[in-house]
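Every chain is named by a letter (A, B, C and D) in the order it is written, and numbering of its residues begins at 1.
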Amino acid sequence: MKNTATLLITCPDAKGIVASIAHFLHQHNANILHADQHQDAENNLFLMRVEWDLDQFNLDEIAFGQHFEAIAAQFSMQWQLKLSEHKPRLALMVSQYDHCLVDLLHRHKQGELACEIPLIISNHLDTKPLADFYGIDFHHVPVTKDTKVEAENAQFKLFDDYNIDLIVLARYMQILSSNFVARYPQCIINIHHSFLPAFIGAKPYHRAFERGVKLIGATAHYVTEVLDEGPIIEQDIARISHRDQVEDLLQKGRDLERVVLSRAVRWHIDNRVLTYANKTVVFD
Amino acid sequence: MKNTATLLITCPDAKGIVASIAHFLHQHNANILHADQHQDAENNLFLMRVEWDLDQFNLDEIAFGQHFEAIAAQFSMQWQLKLSEHKPRLALMVSQYDHCLVDLLHRHKQGELACEIPLIISNHLDTKPLADFYGIDFHHVPVTKDTKVEAENAQFKLFDDYNIDLIVLARYMQILSSNFVARYPQCIINIHHSFLPAFIGAKPYHRAFERGVKLIGATAHYVTEVLDEGPIIEQDIARISHRDQVEDLLQKGRDLERVVLSRAVRWHIDNRVLTYANKTVVFD
Amino acid sequence: MKNTATLLITCPDAKGIVASIAHFLHQHNANILHADQHQDAENNLFLMRVEWDLDQFNLDEIAFGQHFEAIAAQFSMQWQLKLSEHKPRLALMVSQYDHCLVDLLHRHKQGELACEIPLIISNHLDTKPLADFYGIDFHHVPVTKDTKVEAENAQFKLFDDYNIDLIVLARYMQILSSNFVARYPQCIINIHHSFLPAFIGAKPYHRAFERGVKLIGATAHYVTEVLDEGPIIEQDIARISHRDQVEDLLQKGRDLERVVLSRAVRWHIDNRVLTYANKTVVFD
Amino acid sequence: MKNTATLLITCPDAKGIVASIAHFLHQHNANILHADQHQDAENNLFLMRVEWDLDQFNLDEIAFGQHFEAIAAQFSMQWQLKLSEHKPRLALMVSQYDHCLVDLLHRHKQGELACEIPLIISNHLDTKPLADFYGIDFHHVPVTKDTKVEAENAQFKLFDDYNIDLIVLARYMQILSSNFVARYPQCIINIHHSFLPAFIGAKPYHRAFERGVKLIGATAHYVTEVLDEGPIIEQDIARISHRDQVEDLLQKGRDLERVVLSRAVRWHIDNRVLTYANKTVVFD
């Protein structure tokens, strides 16, 4: 079991940032395992991810904040410190298509995802046996036009009760209210079944079939106020031909969706994703 | 040098079509080299491509038409017969970006494209040395808002003079008039620098960069009345990351554009593309 | 539920084959749904797959054989007729890595695989709960050097008892004896975790890591006498970089393995695969 | 025109390396544009690439060496400093297939490659007109078994005369002697037309065809003593099917070869490639 800390930083670009951070970490005896940075010249932004071994590091979480504050203030940093021992807690939301859910649960069991998954919420009952198989609490929260507000309130309560850090929409076929989205900024990941920005909205495979495209895609993104317009974390595509009917697109698409969603979730969990200007930086 | 005939057929689906065609070809001693067919259940359509060796075939082009007429009428076929000895004649249109032009000319010289390329038209002079190097007639037809009609008339005259069968827009940065498009149905191939239907219109790489996509694409399509809405022949994509600036997208995109365009042109030349319902069937 | 017949043919190439088959099927009122063919000039071979609707077809399985015999004899055909109502019966063999098993079982449940899966055999107990969850008989057949012959005999008996048509090695980490392989020609599909012929044999990901390749792959193939040398049905690759350690290769590889294996299994089940000269023709 | 310096470092991993380098650069007023690093735990190695703007940097090349020596010694670094103003000088070697040559020359003209290309050497005369078109000196050095030593000596003299930094084998179909290879360590890039380590040696496309693979590939690598065993810089693949004959593999392969080779050359030129343990780290 690794015991590391990861520091994520966003700040205006300036000389001396790396020197200051590297000096600080060295001073406190950090053994750096990975460091990656990105500069956006146009937006004059500096973004960094640095992960170090905590074994000989001489600051705890609180002390880190106290000591790091001076540097953070000097460079006007937004920063987060994540400890590997605090695994993020995920809620998976799903409707009837269960391929992404099956995939995430199996990956989790296999050790690919460094998180807890204490909660599954669905507006249908189909996936309950699967939740039971993996020993995860399943809550059935049906949603209709009329009950949407209550349903979301029930969901919020569940997120609170289970101390949820990240909500994954694993083919959850309900549109979240603005209230929901605003409550969990950068904490909701959705899988959309097209290569956005093509085929925003409903039935993308059907529309891809009608348009006669030669590639279909899937896109994992953070959910924001505007439908399917949030920062894209990952995309991938599969080749199709005139031989493929809509059902073939659906089938090929399922393979895309689960791979793309799982990559996005893993990168988020591993604290590899930073966002700015409605885009993501993925430190792989 | 191969000496073959290719028959392309589109008709309502019905029992006995293949039997009739196969019997007809066998009767006239055709040695079939490739045959491929597609049925579209939704549109009740049957599409076929069959290519045979002419060596022992006992009908010439005119006799074929006379004898095949009965079958064609029986099944209400639209059909075309293409002989490999009649190589299609291409006009390449280009503005200042020459990567697709360089690519097509080199492929042609190398024997990848079974066509003649007697004519290059450009609204700039930059690519004239290249045309000279390959010994191809180059015509400079400048276009401004005010001279568009005359310019297109000059282009039409060139197409007539050179007996052009296919017009390839190899990064030709002028929008063709409706008149132009209507004059050459299914005879104009364009390369658009995005994975359509994403980023229709101008500056797709800039818009891709702004949207923060993780993939960029290119699309070769037949030009129809509505901009970037014609039947898609081929698409491909390349992966990008936050490290890629707009110039990197342009560079990676050039590699896509030339590969995608050349595939579409080759398939068209080899009589592998049929269209219906604003889609293509590509018999590869 | 579709009710179709699929005819697979391999024979020396000759004029008139398609005409004869098409005429025969038309005569007996077949409504052809798909037809695909391939000619290998070098080996002078003709291969064909044709699928038709049985609704109005006027021959049953036995009568088909009787009537088709004349054509088959004329062209020296090897042929098989497969009816969609006779679903092939699969045995899945697995050791401890369960990702391919999980994948195949979920696809089967979802309706992607038109087969029965009555039997799972493992030399370990780890996957028994999964078999139980999907309601499939699980047989634990441990294998040691000394017990290999008895173990394989036990496996043969299980294949007989369950009327197995296809054996899928879903990361089964034992090498089959020549006797085993000879007993089930073209009826065993294996997934090898490299892009064959690179990294034949054990620990391909470790050797890929050491060699410093930039791509890893997976290959599904029929098992033949010589290890990892059987006809390749499908391959795919994933990009890696210096950042990827062996564990990352294993993780990315799992995603490849299950997709590649499931494609090969589906194509086999759908009677899309023909073999000759240690290669496959996949009629997609 | 950018005016930057790039520092490449390889050394045993240790605490404080990044802090020391970052402090040094900051002290001398470097504006860091890109920094990337890699740690190889198994080999206990630290590798780094850092590029900075020279505009306000207060050391010249010689002074840099003098001042940086202390840090380099402390951490036992191997280091190189590359200035963008000193463009590397390339020799392209080619036989008869000219697709890679055409590609590199066009990219260079277009500004994709930050290098000089003063010299083309070929054992054939076919590509001379192309060299003339681009205004590059062309030297015809025929090679036979008996004249190999003299031919290579003539080549060495040309490399000296033209001050060549990098030799690119753009489908040069002669095997270099050990003497040649030893003379230019890490300075010869070759394109091999298979996904190494599959199909080492001659006629890889023919052998790929015989093996019945579903993917073909190309590999760019540094040339070392053992044929096709040098550190891999880049690889890519294309999908093929049973419909593809050897000529189709050759055609699809050409598209791979030129893209893969050009990427490797660009990365080398941009000082993005470090090697160790017969592998490359590519800082993209």
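Some notes on this structure:
Following the convention adopted for this analysis, contacts are C-beta pairs under 8 Å (C-beta built on N, C-alpha and C of every residue); 3 or more make two chains touch, one makes a residue touch a chain.
Treat the numbers as computed from the prediction; the structure is a model and nothing was measured.
For the pair chain C and chain D, chains touching both partners: A, B.
Looking at B-C alongside A-C, one finds more C-beta pairs in contact between the chains of B-C. Ranked by separation of Cα centres from chain A, the top chain is B.
Inter-chain centre distance (chain A to chain C, centres taken as mean C-alpha positions): 36 Å. Shared contact sites, meaning residues of chain B that touch two or more other chains, fall at 243, 284. Only residues 98-99, 102, 106, 110, 112, 129, 133, 243, 251, 255, 259, 284 of chain A touch chain C when the two sit together in their complex.
Against chain C, the residues of chain D that register as touching in their complex are 38, 41, 195-199, 211-215, 217, 231-237, 241-243, 245, 277-282, 284.
On the side of chain D, the complex with chain A involves touching residues 15-16, 18-19, 22-23, 25-26, 29-37, 39, 239.
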